[in-house]
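First chain A sits with chain B, and in the next complex the same chain sits with chain C.
Right after this comes the complex of A and B.
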């Protein structure tokens, strides 16, 4: 009870100070605000460059994808590494947990008896139809990420969601049969390696890490712009692999307390 | 009162929402006893930050930061002309299209002019979207780690209530 009083006091003070500071912020939707146009009298905001020059630089119409995969390539690469590391951490925590407690394992098996397959005809059939559609849409989101809203993160989450849907509708084993633990960790590592590989190949060709323009002779493109565009697609595919694998691994581990058996 | 609403509340309502959401999250993190509820509070906090960033990139009457292919580009593709020459943001470009029809003979100088015509004020700021796009996915992954740790705590102590966990830890210390 006392902690709630203190929490309320702390929250009111912090919120009051933040709201006091709100008065100095630029107003909503102002195109001349510092984040949108840069500081007055100083240099332009970097977003101005992105908006005006992205199509010149890489022939990618979707500026968000271009900034994500090219201009801020380091950031995105290490975000992918963070996702991968999170997957490894969950694996280390949950799998040791799952192998340790045998009584819970038996309980889980008992639990699975209570809901048989007989009352899942509608759910199972619907999900069997929906899963391939979700996966094809995910591939479209990844492959078309340059030209329309989309990209590796979004498509990877959709792919992971399709496997989670499969596991929810029937059984975790049904999903694990298609994407086993060994395979999804291999996929996660391959995704990071694809991303880092694009950077390393550029380095071997004499440019900076993740400078895609020099990959032009390897990708058989017309100019460095198209090389950047194609490299972004490759990088997004790597991101999608990692995100898909880790999303599914998080679900598989958390829903079974690390045993990877039966599931919800 | 009316003046207050017009001058402070109306142009800054996005910041008000973000502060309120963030404080809800902060309150949950501090005051709630259940570890899962604390995690929910953290997620609300994170959502408030995402809202804050995305709302900073909003421009009035602006369109999404994706270049729209103009009809001329399509026709030129069909006739095998210079397809990529017309880098124009359709929404940003208020100039009449007849200027571009003679673009087939266009040299590089004309191309440059077409790019300069892009009005950045009419395209939403892409940078906050990029930052938040990665933050959302990483947030899900770190939430997964947090839930895994919570499951470990539950297995170790048989509870996810913070005070009960602390009691067990302190009791164990006295036994030693």
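Right after this comes the complex of A and C.
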């Protein structure tokens, strides 16, 4: 009870400080604020450059993807590494917990009921129809990420969700048969390596890390702009590999306490 | 940006957040947290940040709700406080 009082006080103070910080924000749609600068008679800023020059620099219509994968590609690379590290951490924690205590011990009545019921024909059939559609949509989201909303993270999550759906509808083993533990961790590592590989190759060709323009001779493109566009696609494929594998590994480990048996 | 739409979504978000914190059944709490994520996704889509909304719909409303539910089934279902 006392801890709840302290938690409430801490939350109120933190929330008050955050609300106080909001007063320093520019108002919504203010043309002179840094995020909107240069829109119409506002101050010059870096966003003006992105809005006007992204298409000339890289032939990518979706500015968000261009900023994510190219202009601040270094940041996104380490975001991918963070996802990878989170997956490894959850794997380590759950695996050591799974060996420590018997998972069959503290199961709810509810849990054993859902677990024993494997004749879920309607759910199983629906999911088998839905999974390929989800996967094709995920591939579209990844491949079309620099033309429309989407990209590696979203597509990777959708791909991971399709495997989770398979595990939910029938059994974790059904999903593990298609994507085993060895394979998904290999895929997660390959994803990060693809991303870092693009940077390293650019470095070997004499440019900065992740400066995709110099990859033009390797990608057989018309100019450095198209090389940047194609490299963004390649980088997003790497992100998608990592995110897909880690999402599925987190689900598989969390739902089985790290034993990878039975599942929900 | 439509003010009434924003206002309704924000009201629903506050209600969903309070319910998710106070409800005893952890399964309901994680479902309501998924609803909360979906409402943020709607708000972002309405403000024109479609990429962020897409990520929130996939991660916040979709996968994280499933991960919460998977965790709830491995614990006791009712909260003690």
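We adopt the following convention: the second predicted complex is superposed on the first by the 215 of 264 C-alpha atoms of A that agree within 3 Å, B and C clash if a C-alpha of one lies under 4 Å from a C-alpha of the other, contacts with A are read in each partner's own complex, and residues count from 1 in each chain.
Here is the rule we use: a contact is a pair of C-beta atoms (placed from the backbone, for glycine too) under 8 Å apart; a residue touches a chain by one contact, two chains touch by 3 or more.
Note that the coordinates shown come from a computational prediction; the quantities given were computed from them, not determined experimentally.
In the superposed pair of complexes, A:247 makes contact with chain B and with chain C alike.
After overlaying the two complexes on the shared chain, residue contacts for A:168 are found with chain C alone; chain B is out of touch.
Between chain B and chain C, the partner in contact with more residues of chain A is B. Within the superposed three-chain model, A:255 lies in touch with chain C and out of touch with chain B [touch as defined at top]. Contacts of A:47 after superposition: chain B is touched, whereas chain C is not reached. Once the two complexes are laid over each other on the shared chain, residue contacts for A:22 go to chain B alone; chain C is not touched. Judged by the touch definition given at the top, the superposed model places A:64 against both chain B and chain C.
In the superposed model, A:149 makes contact with both chain B and chain C.
Residue contacts after overlaying the shared chain place A:233 against neither chain B nor chain C. Contacts of A:158 after superposition on the shared chain: chain C is touched, whereas chain B is not. In the superposition on chain A, the residues of chain A contacting both chain B and chain C are 4, 28-29, 62, 64, 149, 151, 153-154, 157, 247, 250, 254, 257. Looking at the complex, you find that chain A touches chain B at residues 3-4, 6-8, 10-11, 14-15, 18-19, 22-23, 25-33, 35-37, 45-48, 50-53, 55-56, 59, 61-64, 67-68, 72, 75-76, 79, 82-83, 86-87, 89-90, 93-94, 97, 101, 147-149, 151, 153-154, 156-157, 243, 246-247, 250, 253-254, 257-258.
By the touch criterion given at the top, residues 1, 50-51, 53-55, 58-59, 62-63, 66-67, 70-71, 73-74, 76-77, 81 of chain C touch chain A in their complex. If you check the complex, the residues on chain A that touch chain C are 4, 28-29, 62, 64-65, 103, 106, 108, 110-111, 114, 141, 149-151, 153-154, 157-158, 160-161, 164, 168, 247, 250-251, 254-257, 264. Within the complex formed with chain A, the chain B residues making contact are 8, 11-16, 19-20, 22-23, 26-27, 30-31, 33, 55-60, 62, 64-69, 84, 87, 115-116, 118, 120-121, 123, 125-130, 133-134, 136-138, 140-142, 144-145, 147-149, 151-152, 155.
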